[in-house]
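Shared between the two complexes below is chain A, which has chain B as its partner in the first and chain C in the second.
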Partner chain A sequence: MNTDDSSWWPMGDGVLCNAASQTYPSCNTFTHALSFFNKIEGSQATARQTAELLRSVISQQRVPYTNQAGALIDAVKAIGEQLIAANPVELAVGNIVRRVLHIIREEDLSLTTAAIGGLNLSAVSDDENDDDRDGDSTLSAAAVAAAARSTLRPPSLQTLLEDTPVSAAVPQTSSSGGDSEGKSKFSFTAADKSSRSRKLKHDVIEAVNELIQDIVTCHEQIAEQAVEHIHQNEVILTLGSSRTVLEFLFAAKEKKRSFRVFVAEGAPRYQGHLLAKELVARGLQTTLITDSAVFAMISRVNMVIVGAHAVMANGGVIAPVGMNLVALAAQKHAVPFVVLAGSHKLCPLYPHNPEVLLNELRSPSELLDFGEFSDCMDFGSGSGSPLLHVVNPAFDYVPPKLVSLFITDAGGHNPSYMYRLIADYYSADDLVVQRRATAGN
Partner chain B sequence: MGAQKKRAAAAAAAARVSEDPDDLARQPLQAILLADSFTTKFRPITLERPKVLLPLVNVPMINYTLAWLEAAGVAEVFVFCCAHSKQVIDYLENSEWFSQPNFTVKTIESHNIISAGDALRLIYEQNVIHGDFVLISGDTVSNMSLTQALQEHKERKKKDNNAVMTMIIKKSKPSPITRQSRLGTDELFMAIDPNTKQLLYYEDKADHSKGTICLDKMLLAENPSISLHNDKQDCYIDICSPEVLSLFTDNFDYQHLRRHFVKGLLLDDIMGYKIFTHEIHSSYAARIDNYRSYDIVSKDIIQRWTYPYVPDVKFCGNRATKLERRGICFTAFNSEIEQSRSAQVGSFTVIGYGTKIGSNSKISDSVIGEGCTIGSNVLIEGSYIWDNVIIEDGCELRHVIVCDGVIMKAGAVLKPGVVLSFKVVIGERFVVPAYSKVSLLQQPTVHDSDEELEYADNSSGTVEFSSIQGTADQSNGEMTSESSEAHKPKLGTGGVGYIWSICEGGQEEEWRHSVAPIPEDKLTELSEAMDDDQELVTQDRTALSTSGELISDSNASEGDDNEDSKDDSVYFEKEVEATFLRAVEENVKVDHVILEVNSLRLSYNMTSADCAGAVFYSMMKLAIKTPHSSAIGLLTLYPSPFSMVASNAYPIYLSGELQQNTANIITTWQKLLKSYLLEIDEEIEIILKFEEMCLESAKEFSPLFARILHILYDKDILQEDAILRWADEKEGADESDKVFVRQSEKFIQWLREASEEED
Partner chain C sequence: MQYDDKSRVQKLKKRSVVKPTEARNRVELFRHLPQYEHGTQLPVLQSKFFQLDTLHPAVYKVGLQYLSGDICGGNARCIAMLQAFQEAIRDYSTPPAKTLSRDLTAKISSYVSFLIDCRPLSVSMGNAIRFLKSQIAKIPISLSESEAKATLHSDIERFINEKIILADRVIVKHAVTKIRDGDVLLTYGSSSAVEMILQHAHELGKQFRVVIVDSRPKHEGKLLLRRLVRKGLSCTYTHINAISYIMHEVTRVFLGASSVLSNGTVYSRVGTACVAMVAYGFHIPVLVCCEAYKFHERVQLDSICSNELGDPDSISKVPGREDINHLDGWDKSENLQLLNLIYDATPSDYVSLIITDYGMIPPTSVPVIVREYGRGQLWI
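Now for the complex of A and B:
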C-alpha cells in the first residue's frame, strides 16, 4: 500500500463524525469506505470514488415526504463537507460534490415543473425542458418562479456553440428529466408524494450513474479529439506524467499520425521518466529532457500538451510544479499551450482565494537525502533554527492568459469560456460548500 | 481489562487453530507497540502523563506511530501499557483507532513490568503473536514503507532460519556533534557485513573520549568483509520473527532491547541467531528518546520530513490546519485563532485551535497548543507550549516546554531548557533558571517517603519508583542542604510548584538532553574533543606551511625547525598522557601500556628519556587532574576530596592529600615508569621534568617538591646518584632556578651523608 503519496482521512474529527452519524445512521460505513478513499492518487480515481460514495449516500438516505430534494442536498452536503475537509488539496472531490448537488437540484426542478404541468392539466409537449417551462410560465406562480430561476441561468454553452445538445451533463440531466416528465405525466396528476420521492431519488441516482460513466470515459472522450490537434511530423512537448496526455498522444498515434514527443522529466518526482517509458512501450518516438532544458528545446516544439491538476473558473490552471515555466517558455516562442482536463477537474472557484489555491507541500526528502543533509538540519546548535529550509511545493498556478486551449471531454475551449462551461455543470447555490466546510470546523 | 486480554488471547488461539502452516506467508502482519519507554528522561512530565500521550506538534505521539503502522500494512497492533496504563487505554478507547476496519488495536496492561524484556516475556506468555511482527515503541515517528524490509526479512528467513530480526537503520551525519545536537544520543558504532547486511557489532555506549572501540578479532577472521559505521542512526523499528519472543523468555536477564538483546545475540555463538539491517534512504524514521529529540523531531515534522504526517494533512486526531506563507517559509495555522494585528508569528510555527495572541507578541519556531491565551509583548522562541496555557503580558520564553494548564504571570521569564510540568503557576517577574524542571509534584527524595506515596497512584509503579530513588540518592548525597531549600515553593509571588533540584551528575546531562540548543562553550568543548586527533594533523600541516613560506628573517627557518621538534614533543606528551589516562580508566595491564608507549616512542622518534618524562608528567597530571575537572562538574576520575585546590585558597590544608594521592599513583604505576629508567640520564630527566611542572603547569606541587622527591627515592624510581647529580648540575644555575634544590636541601644533605657513610 503506497501511502507516501496519499493524504489521510480525518479519523479524529469527532465532532463532525458524531453529528453526521446522528443524522445519517449509515455514516459509519462511509467512513470505512473513506479510509480507502484517501489512499487513492489521481484526480480521476478520486472523482469516481467520490461520485460512487455520494451515490450510495443518496440511495441509503431516507427521504421525507416534504422537501425531498432539500433532504438529499443536506445529506450530500454533510458528507461532502467531510470529504472536502479530508482532502482539501484534491479539488476534484469538491467538484464532484457540487456536481451531484447540481444534479439533485436539476432533477428536483424538472420534477416540480412536471408536477405543476400535471396539476394545471396543460398540454405538455414531449419537447425540451426549456420549452416546457416557457409554456408553463404564464400559468402558475410556482412555475413563474421556476422559470425565473431557469432564465437566471444562462443558456448552456453547448446550445450556444453547437446545435447538438447531446454530450455533457446538462443535456443529459434534461433528457432524463424529459423521461421522468414523460412518465410522471401519466403516473400522477395529483402529487403522489411517496412515489414522487422515490422517483426523485431514482432519477438522481440515474444521473449520478451517468456522471460516473462520464468520469470513467473522460480519457477516451478527450483522446478522440487528438487527431484534430496533432498533425503529421509535429513535435509535442509535455511535462511530468498525465494519463490523459498519454491516452491523447496514443490516440493520435493510433490514427497513423507520426510525430515526436519531448518529455520534460518533472522534477522532483520524475514522473516524466514513467511517461517516457510508457510512450516508448507504445511505439512513440520520445526524447527525455530535463525541466531546465525546456526553454532551449521549446523553439523546436510545435505544441505543448500537458495535463492539469485543476482548472479554475477564470481559466487558470493548477498543474504540477514547473508548469508555469513551460507555459512562459511557450508564450515566448508563440507555441500553443494546450491543457487537457476531464470535466471533473473544472473547479467553479476562483483562484484569488488562498484557501482555494491550496498548494501541497510535500516532503523535502524528494529533493534531498535526509542522511546527507542532517548536519544542515542541526537544531541543537546556534540559535536553534536551522539555516537550511527545504520547500517542495507540488503545484504551480498557470494564469489563463498563458493557456491557448483547453481540451475537455466536452470539446475544446478557450480559457475565457471556462466560466460558461462551469455554469453548465454547477449551480451557483452550491459554491459555498467549500467555504462552509472550512468555516464549519 | 483482564477480560479483554483473555478475549484477545482466545481470539488469537482460535486464529491459530484455523491456520494452515502454508498460510503463514499471507498472515496479517502484527505489531507490538510498547507504550512505555521504561526510562525517566521525560520527568517530571511523565509523572502525570505517559510519554506516548505527550503532544508532538499538537498530536499525541502514539498517533504518529499508530498511523504509520496502519499505513505500513500492519493488521493487528498490541499496545503494551505499563506506566499510566489507564490513561493510555482510555485515550485509545476514545480514539478512532478502535473502530478501524482493517486495523485492530488491542491493549495489554501490566503494572509490575520494569523493562522492555519483561514486557515481551509477558506478551509471549499470552501467546498472541504467531508470525513476523514489528516491534516499535510508541514514541517513534516514521513514514517509511515496510514492504521492502518485510520482503527481505521473509526471504532471509526462508533461507536461514536463524535470521530472526531485521533492524531498520538510517544514515545520519557521522560527527558526534551532529548526533548530540540532533537526537541527544551517544555515538553509535555498527559493524555490518556489506554484502549480506548482517549486523555484526553494535555499540551505542561507545565512549568517544577514548577514541577507540574494541572489535573481537574473530569478527575479522570469520567475515570476508566488514564495514564499520558510525554514521548510522538506529530507528528503533525492528521486524522480528516469533523466535524473538521465545528468546526473551529463554534469557530472562534480557531487559533492554539493544543493550541486552541485540548485544546478547551478537555475542552468542552457540545458537547462531543473526540480526540483519535494512537501511532506509528517502523516508524518515526517528525515535523520541529525550527532550532534545522531542525538539528535533517536532521541527522535522514542521519541516515536513515526515510527510504525510504533517500538521496540515489530517491523519488522526488533528484538526484542520492550513499553511500560511510567512516570507519564504510556512506556518501552520488553525482556522480559528484570534491573533492581534500587531502580533508577529514567524515561520515554522504551528498554532492550535482557539488560541489567542495579543498585540506585539513575537512567536517563532514554536508549537502552540489549543486554547492558549498569550498576552501582549510576549516573546516565544523555539518553544513547545501545550494546551490551555495562559501566558500573561511581557513574558519571555526561549526553548522551553510548557505543559497543559500552566499559568505564567506577567513578566515571568523562562530561560532556555526549562520544563514546566502540568498546571504550574509562575509568579510575576520570576525568572526560572536555565535547565530547571518545575512540577506541582515534589521531587521525590529518600527522606520524605510520604511524598512518594502521594503520587504513587499516578505513577507507574516499581520502575519509576526505583529510579526516582536512584536519582534522589544522587542528588541528596551531596546537596542535602540545597534540596531541602528547593522543596519550598519559590516561584515568585503567587507561584505554585516546585523547582526540581538538578542532581550533581545530571547537570552534565542537562544541556545534552534539553530542548535548548547546545550552548556555545559546550559545542566548542565537544568539537575540541572530536578534533583532538585531527588537530595533530592539521597543526602539523600549518606548521609546515608556515615554514615553507619565505620569511625575511634569517633566523626564521631555524626557529621554525625548533618549533617543529618542540611541537612533536608536545604531541608526543599529549599522546602518552591520553594513553595513560585511558589505561587508568580501563585498568589496562602495565605491560600493555608499556607496549603502547613504546610504539608511540617509535612513531615520534623519541628517546626513552622523553618517554620517562612524558609518563611521569602524565602521572603527575593525573594526580592533580581531579581538582580541575570537579570544579566545573565533570566526571571525576578519582573521588578526590580536595576539590578546592584549584582555587589556591587552602593549599596547605590539602597538600597532604595531594601528596597521598601522588604517592598512590606512583606506587601503582612504578613499573611503567621504571621500564623507561634505563640509565641515570633518564632519572635526571624526570627530576628536571618535575621541576618544570612545578614552575609552570602544576604549581600545586611546588610546596611538595621535596616530599615527592623523597617518595620517588623510596620507591626506587630515582637513585641517589641521579638526585645528587641533579643537585650538582643545579649548583651553578641562577638563583631563580635553584628554588627546588633549596627546598630539598635537607634531603640531598641526608643522601650525601648516607652515601659517605657507605663509603
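Now for the complex of A and C:
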C-alpha cells in the first residue's frame, strides 16, 4: 500500500486508521452489531446497511490520481473482509461487498473505454469528457494498450483495433511493463485526471445508490410477477414467514385472485404464526398446520411458495430449517416448488457441505426446557459426558433439483440459469474477499 | 360415520351421552370428520359421574382418561378398554327375558359409542371389539351365565396376553437382530414397541446411539427421551424440521404404527410420513414395528379421507414460550383455521420392513396376513 495520506491500514481490534490517525468508527459499530447483538435482522436490512456503509467508505476514501479503482477496491475489500468475518452465516453481507467491487470494476472499465473512445476522434462516444479531449493529438497503439492496461482488464482486440485508422505504426518503445503508476505517455491534462477521478467516484456512488434502490424495492418487483403464477381457486403452501412471500400473496389478492393458503408453523421459531396472522388480517383464507402435517396436506396443494435466506451459485437454496422436508414432499407429489429471492440474496459461492458449513446451531432451550432435563445434561454422571445432546439447526439446504422456479426481481429463472446471473452481478476476481498481500511498496 | 351429513349428525347427538359442541372455524377439507370443541366436555362428564346408570363406572373412567389424554397409544388404549370390559362383564347379569349373547352385545355396543364420543376409536381398539363380539356370539346357549362370563373373561385375558404382550416380546426378539454395534437409530415420537426394542438391545449390551425426533403439539418424544436416558442410553433430541440435518448420521429408522392397512400403507402418528420420506431419500432402511392384531383390511391412499382431528387450541399456544401469542383470539376471525391432525398415512414404498409377531415381512405381505390369518383364524 502507498504510504500517502489516502491510505488506510488496520490497527489492532478491527479499527482502521490512516496516517493522520483518523479512525473509522462506524465500521466497528456495524461489525459489532452484526456479530454480537444480531440487531440487524433479515437479509434485506443487512444488505441495505452494508451497501450504505460501503457507499460512505467510498465517498470518504481519497483516491490517488492513478489507479483510483485499485485504491477503492482495496478499501472496500478491507472493510468487507471484516464484515464477512463478523457474521459468515449472513451471506447477504458478502454478496453486497462483491456487488460493490464489481460495480467499481465495471465503472472503471466503462470510463476508460469511453476515455479511449474519446481520444479516438473518429469514435463516437457520448461521454461528456469528450470536450476535454478534443485537443489531444493522435495516440499510438501502444498508448492505447497502456490505457487499456490501466483499467483492470487486459486490453482486448477491440480496443486495439479501434485505433488502427488513426495511428500508422506501432512504436518500438512501448510503455514497457504497462506500469500504470507513473509512466503514462498520455497527453492527459491535469484537469482530465482529476475530473476522471471525480467521475469514477461519482459513477460508483451513483451505481451503489441504484443498488440500494434495487435492494429496497425488490419486494415490489417480485410481487409484480404474482399474477402470472397464481390463478383462481389455488391452494398455496408456505413454511415460516418471509416478507417477500407476504408481499407476493398480497399482490395476487389485490388483483382479485382467490386462493387459500396453508401455513406450516416453522418450529422452533414459529414464524408461521406471524404470517398467518398477517394473511388473515388482509382477508385471505388461511389454515395453520404443524410441520409434521406437511406430507399429509401436500397432496391437496397446487403450489409451494417460499422465501430463501440465500441462493447459491449452483441454484441450491439456504432456507429456514424444515424447507428440505417441504421440497421433498413437493417433489413426490409433483407440486411446483417456487422460491422467491431478491437479487441481493444471490451468492457466488458454491455450497460445499452446506448443512454444516453454512449452518448455525441455535440454543437447545428452544426445544427442551433446561430445568426439566437438567439431570440428564449432567456432566458429572457416569462416564463424564452427558447422555443427552440436543440439535437445533437454523438453516436447511435445498438442492437445485428440487426447485422448480426462482422468482427474482430480474424475472423468473430456472435453477440452472442462476450461474449466469452471477456472471452479471459479480466479478470472478472477487470470490475471495481478501486484500492483496502488500508487496512492500 | 359421515359427519358432513346433517341428518345423521342430528341422530347421533340425540343418542349421545357426551353432547359435544361443534368447533367453530372448521377446516373445510375435513368436513367429513368430527371436529368438536375440546375442553368443554371433560368437566361436564365429570359432573355426571354418579348419574349415569347405563354405563359401567369402569368404562366411564376409561372414557374420561381418553378424553383427558391420560391414556395414549394404541396398545395402552386397547388394554385399558378390554380390562374395563372385563369388569363390566363380571358385574353383568342377564335380564329375565333376554339371551345373554344378544343383550351383552347390545350393552357392549352402547359402551363403545360412549367411548367413540370421548375419542374416536383407534384401529387396535376396533379389532379388539370385533374379537369380543365374535366371542360373545359364539357362546353356546347351553352354557350357564357364570360359565359364559368366565369364558369371556378368560378369552379377553388370552387376547391381551397373546396378541399384545407376547407379540411385543416376539417383535423385540426379531428386531434386536437388526441392531448392530455402532448403529445410530432414529425414532419418531413415542412408540411402546420401539421403546421396548431399544431397552432390550441396550440390556443385551449392544453399543448404539438413539436419535429421538419430536414434533408439536404433543411432544411425545420428551417422555421417551426421559425414560431412555434414565436407562443409560445415549440420546440426541431434535425436532422434525431438523431431520434433513440429522439424517446424515443415521443408520436405521425404527417407527411404530397405529395400524398397517391392506395396501401396505402405514397409518401412524402425524409426521411419520415425513420421517420415512427423508430416510428413503437418504437410502436408510425404515423398519416399522407393529403387532399383527393392528392390521386392517381397509385401504387408504392419503391422510385426508380418514383421520382424527385434535384440539386446535394446542396449536395456537406454545407451552413455555409466552412470546408466541400472535394467534390469541384466533377463533374470532373467520378466515383462520387451525388444523391439528393426529394421524397420517405413509406410502408403502417408503417402508423397508414390517416387524410383526408373525415374523419380518415386507409391506406387500400385509394383505396376505390379513386374509390367511384373518377373522376366523386370527382369534384362535
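By definition in this document, the second predicted complex is superposed on the first by the 323 of 441 C-alpha atoms of A that agree within 3 Å, B and C clash if a C-alpha of one lies under 4 Å from a C-alpha of the other, contacts with A are read in each partner's own complex, and residues count from 1 in each chain.
Rule of thumb we're sticking to: a residue touches a chain if its C-beta (ideal position, glycine included) is under 8 Å from a C-beta of that chain, and two chains touch if they have at least 3 such contacts.
Remember, it's a predicted structure, so these values are computed and weren't measured experimentally.
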item	value
Contacts of A:Lys332 with chain B and chain C, given as first, second, both or neither	second
Which of chain B and chain C A:Ala86 touches, first, second, both or neither	first
Chain B versus chain C as contact partner of A:Asn233, first or second or both or neither	neither
Touching partner for A:Gln285 - first (chain B), second (chain C), both, neither	second
Partner chain in contact with A:Val390 - chain B first, chain C second, else both or neither	both
Chain B versus chain C as contact partner of A:Asp369, first or second or both or neither	both
Common ground on chain A, meaning residues reached by chain C in one complex and by chain B in the other	355, 359, 369, 372, 382, 389-392
Residue ranges of chain A touching chain B (in the complex, touch as defined)	1-4, 6-13, 28, 32, 35, 85-86, 88, 354-355, 358-359, 361-366, 369-372, 374-375, 377-386, 389-392, 438-439, 441
Residues of chain B defined as touching chain A within the complex	63, 67, 71-73, 95-97, 99-101, 143, 145, 170-173, 175, 177-178, 180-182, 184, 231, 233, 281-284, 292, 295-296, 299-300, 303-308, 310, 312-320, 322-324, 328-330, 335-336, 347-348, 364-365, 381-382, 399, 516-518, 523
Residues of chain A touching chain C in the complex	265-268, 270, 273-274, 276-277, 279-280, 283-297, 299-300, 321-322, 324-325, 328-329, 332, 355, 359, 367-369, 372-373, 376, 382, 387-393, 396-397
Of chain C, residues touching chain A in the complex	27, 29, 214-217, 222, 225-226, 229, 232-246, 248, 270-271, 273-274, 277-278, 281, 302-304, 307, 315-316, 318, 320-321, 324, 326-327, 333, 335-341, 344-345
